[in-house]
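For reference, the structure discussed in these notes is given below.
By written order: A, B, C, D, E and F. Residues from 1 in each chain.
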Amino acid sequence: MRTALYPGTFDPITNGHLDLVKRALRLFDRLIVAVGTARDKAPLFTIDERVEFIRAAVRGIGDVEVIPFEGLLVDVVRGAGAVAIIRGLREVSDFEYEFQMALMNRRLASEIETVFLMPSERYTYLDSTIVKEVVMLGGDVEGLVPEPVQEALLTKRRNR
Amino acid sequence: MRTALYPGTFDPITNGHLDLVKRALRLFDRLIVAVGTARDKAPLFTIDERVEFIRAAVRGIGDVEVIPFEGLLVDVVRGAGAVAIIRGLREVSDFEYEFQMALMNRRLASEIETVFLMPSERYTYLDSTIVKEVVMLGGDVEGLVPEPVQEALLTKRRNR
Amino acid sequence: MRTALYPGTFDPITNGHLDLVKRALRLFDRLIVAVGTARDKAPLFTIDERVEFIRAAVRGIGDVEVIPFEGLLVDVVRGAGAVAIIRGLREVSDFEYEFQMALMNRRLASEIETVFLMPSERYTYLDSTIVKEVVMLGGDVEGLVPEPVQEALLTKRRNR
Amino acid sequence: MRTALYPGTFDPITNGHLDLVKRALRLFDRLIVAVGTARDKAPLFTIDERVEFIRAAVRGIGDVEVIPFEGLLVDVVRGAGAVAIIRGLREVSDFEYEFQMALMNRRLASEIETVFLMPSERYTYLDSTIVKEVVMLGGDVEGLVPEPVQEALLTKRRNR
Amino acid sequence: MRTALYPGTFDPITNGHLDLVKRALRLFDRLIVAVGTARDKAPLFTIDERVEFIRAAVRGIGDVEVIPFEGLLVDVVRGAGAVAIIRGLREVSDFEYEFQMALMNRRLASEIETVFLMPSERYTYLDSTIVKEVVMLGGDVEGLVPEPVQEALLTKRRNR
Amino acid sequence: MRTALYPGTFDPITNGHLDLVKRALRLFDRLIVAVGTARDKAPLFTIDERVEFIRAAVRGIGDVEVIPFEGLLVDVVRGAGAVAIIRGLREVSDFEYEFQMALMNRRLASEIETVFLMPSERYTYLDSTIVKEVVMLGGDVEGLVPEPVQEALLTKRRNR
């Protein structure tokens, strides 16, 4: 049995992230979605909210566990008994940053492989930052995030 | 009659921006330069100053209107009856970010086209950030920004 | 009235090209699709076939003319009284080559602007080369090219 | 049990390819290395030689099968009962071409995932083309290809 | 005798920076490492600490001087009588930013050439930011920075 | 005294190449321009013509020697007693290929450094291929190549 770990800030999870979760589940027996606390990034949603959004979204789609994490990524991967780190590749600048992180992680833990998957082209332009920006400016993100996330975003906007 | 809208922060306008305004005017009957308030970016010049610099610079070069804007870009474009968003493309990293924004804008308003134009190669390296940096460190930006902008920058430097 | 010219080899036209034709027609009053003879590229279809495929595909979608061309692109643009060259931008490597050509064309004819448009993300991966490759290896390209093109490709495969 | 397929021309196999084979074997139970005939590329080594070089190189390093292939890649993947296509990512231009192919393959066979792995940074600059070029110009490629490949390359050089 | 200047924030110096220093010394008679104060970046180490780390690291490896600097880079280069600015090129996004700065510096001082060198591929992924991040999360950076820097980073971590 | 070597096909030399020669001469005491025979590329001009064009163009601008070469580049560099290989960097795709070659050359001869210089932005779009293409299609390249090269290109066109 092989486990993979999909790390991120997920502030909040988008349908692009979910697409990647489903793709990873075809390749590995078990997937752990690891949500970084991201304290220095001042996330819009708390770590508990972010974990909860993902748990609701992945319910019933396979053997997926969602955990918060702090500290060095490779330590979390090792602790979870995972063999691979899952990353989505969307564009060139992604690629460069991801490459740097993957090489550093390999240096820290040579037995862990970083696996890059390609999201659906429908989500090429999608990330958490642009979703938050559009909502806060009054735009509609239906179909880009799970429904509970959309509602939470609209509540944040009203309460601003 | 077709109208295009050229959005940006313009903090401050450079001769590269002006070059693009002139190019857009060859392709469209009317151009609206829309200056974002950019509150979260802590701009060097106020929105009124930035609008005023552009108004002075575009005087007499065609049917150009300069307006401040807030909120979702596509709403401004629709409100102005424009058919196109004008963007300058200078380099690869530009391209990626611009692509992401253009795809999101297309999703929000499929009838609006984003049109990418290429500034003169003399302005390849020019953006508002590097202009401010050079001035604040004591460098000369003559020929890179309109004269009133240069004077305003020098005043900012003296008053720092 | 403004005319734009969309040059290419179109060997053969794909639905990505057609998508761009429709986008250009929103911005300009008239579009000329200029099909290069491409003698040194040994095209799969003759210049007459390529022109005919496009003529059939653009019937009824606006003021579009399809012409074969040889020689310097800017001479054709000038001869046609066009103000802009239309190019589709799909990816970074595209961008670099397109940039080089656009700068050279600007040097040769400074009054002509190159206008970059973004095809639908459904066609991000689509170009004539990959279409021909897939068909020749026995794959299906329905939905990627106009129907007459698909039939002609299948005939080419059978007769190989 | 999950099988992955690693396609390529392998003209000839390099130590960078071998590095990727070993990485893929950590993630999948079984790996098929599929060697394209590449008739139109006029390969230096015959398809039989290329298959044989890989068979010798992968002996004893896990459950690896080496096969020649012709036709559409996704048909080979399906025929082999594989769930993933393995590709190595070295640099940006790689990425673009790989992305295009992966999207086309996904369209042709949506159940197959393309998995991108990162070779060791020692092999960043290594591909079959540069190896052949260096040998033919009289340079040394020890440590860059398996020993039998090195010998075969030297024989080719002497017989030129 | 030719002098080159290698500017940076060096917060802190890494073995990738040192690798570049050694490469520059093969090409120029004398090298000045110029450490920017970087006040607006809130560096981890003071300017004095950063200068001292470099001085210790370059002892005995050639004619190298280490100086702090403020203000416009080209003024420092001119003041030092240097003919070239040394920059390391690691990846594409580096390249774009470096290109912009180099073109601006050329405009400000056309007699100064920016010279790009390539660090060892062992250091492709290495920069000061990732080193600090890894240490602060509890990871090991032995072999990536000079020993006194490693000790100082560990002290910073303990005292956080 | 330090010598650098600037290799290329130079089919034919452009003003962009000449710009780089002048820049290299500020940094090194002596420059060798090494013209590859490029037999497999079927160059437009013979090796003797290409060498002669460069010799005429560099007359009087410093200590420059022009030589034809065959074989492995690093052998030529070593034979010439040079410490550096000069390469021009224009764009991202350049960068990738150049990087690959530079890393391979470093592996073959670790004492030789590849030095990347940036041509004037006026020549960003300029290479030998586009010059030949424009001339053959009837376009004007005055100011892009030395005068004798322009005349030779026009003669080639007339005699086609």
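The working rule: contacts are C-beta pairs under 8 Å (C-beta built on N, C-alpha and C of every residue); 3 or more make two chains touch, one makes a residue touch a chain.
In this text, all values refer to a predicted model and were calculated from it rather than measured experimentally.
Among the other chains, which touch chain B and chain E together?
Touches both chain B and chain E: A, F.
Suppose chain centres are the mean of their C-alpha atoms. Which chain sits farthest from chain B?
D
What pair in A-B, B-F or A-C shares over half of its contact pairs, by residue number, with B-E?
A-B
Same or different for chain A and chain E, when you check if over half of the residue numbers at their contact belong to both copies?
Chain A vs chain E: different; shared/all numbers falls short of half.
Could you please state the distance in Å, as a whole number, between where the Cα atoms of chain D are centred and where those of chain F are centred?
Centre separation, chain D to chain F: 34 Å.
Averaging over Cα atoms per chain, report the distance between chain A and chain F in Å.
Centre separation, chain A to chain F: 48 Å.
Residues of chain A that touch two or more other chains: which are they?
Residues 92-93, 96, 99, 103, 121, 124-125 of chain A each touch two or more of the other chains.
Who touches whom among the chains?
Once each pair is checked, the touching ones are A-B, A-C, A-D, A-E, B-C, B-E, B-F, C-D, C-F, D-E, D-F, E-F.
Considering only the defined contacts, which chain E positions touch chain D in the complex?
Listed in rising order, the residues of chain E that touch chain D are 92, 121-122, 124-125.
Under the touch definition given earlier, write down the residues of chain D that touch chain C in their complex.
The touching residues are 71-72, 74-75, 92-93, 96, 99-101, 103-104, 107-108.
Which of the residues in chain D come into contact with chain A in the complex?
2, 23, 26-27, 83-84, 89, 92, 95-96, 99, 102-103, 106, 111, 113-118, 121
Going by the contact rule set out above, which residues of chain B touch chain E in the complex?
Residue positions touching the partner: 91-93, 124-125, 127, 130, 134, 137-140.
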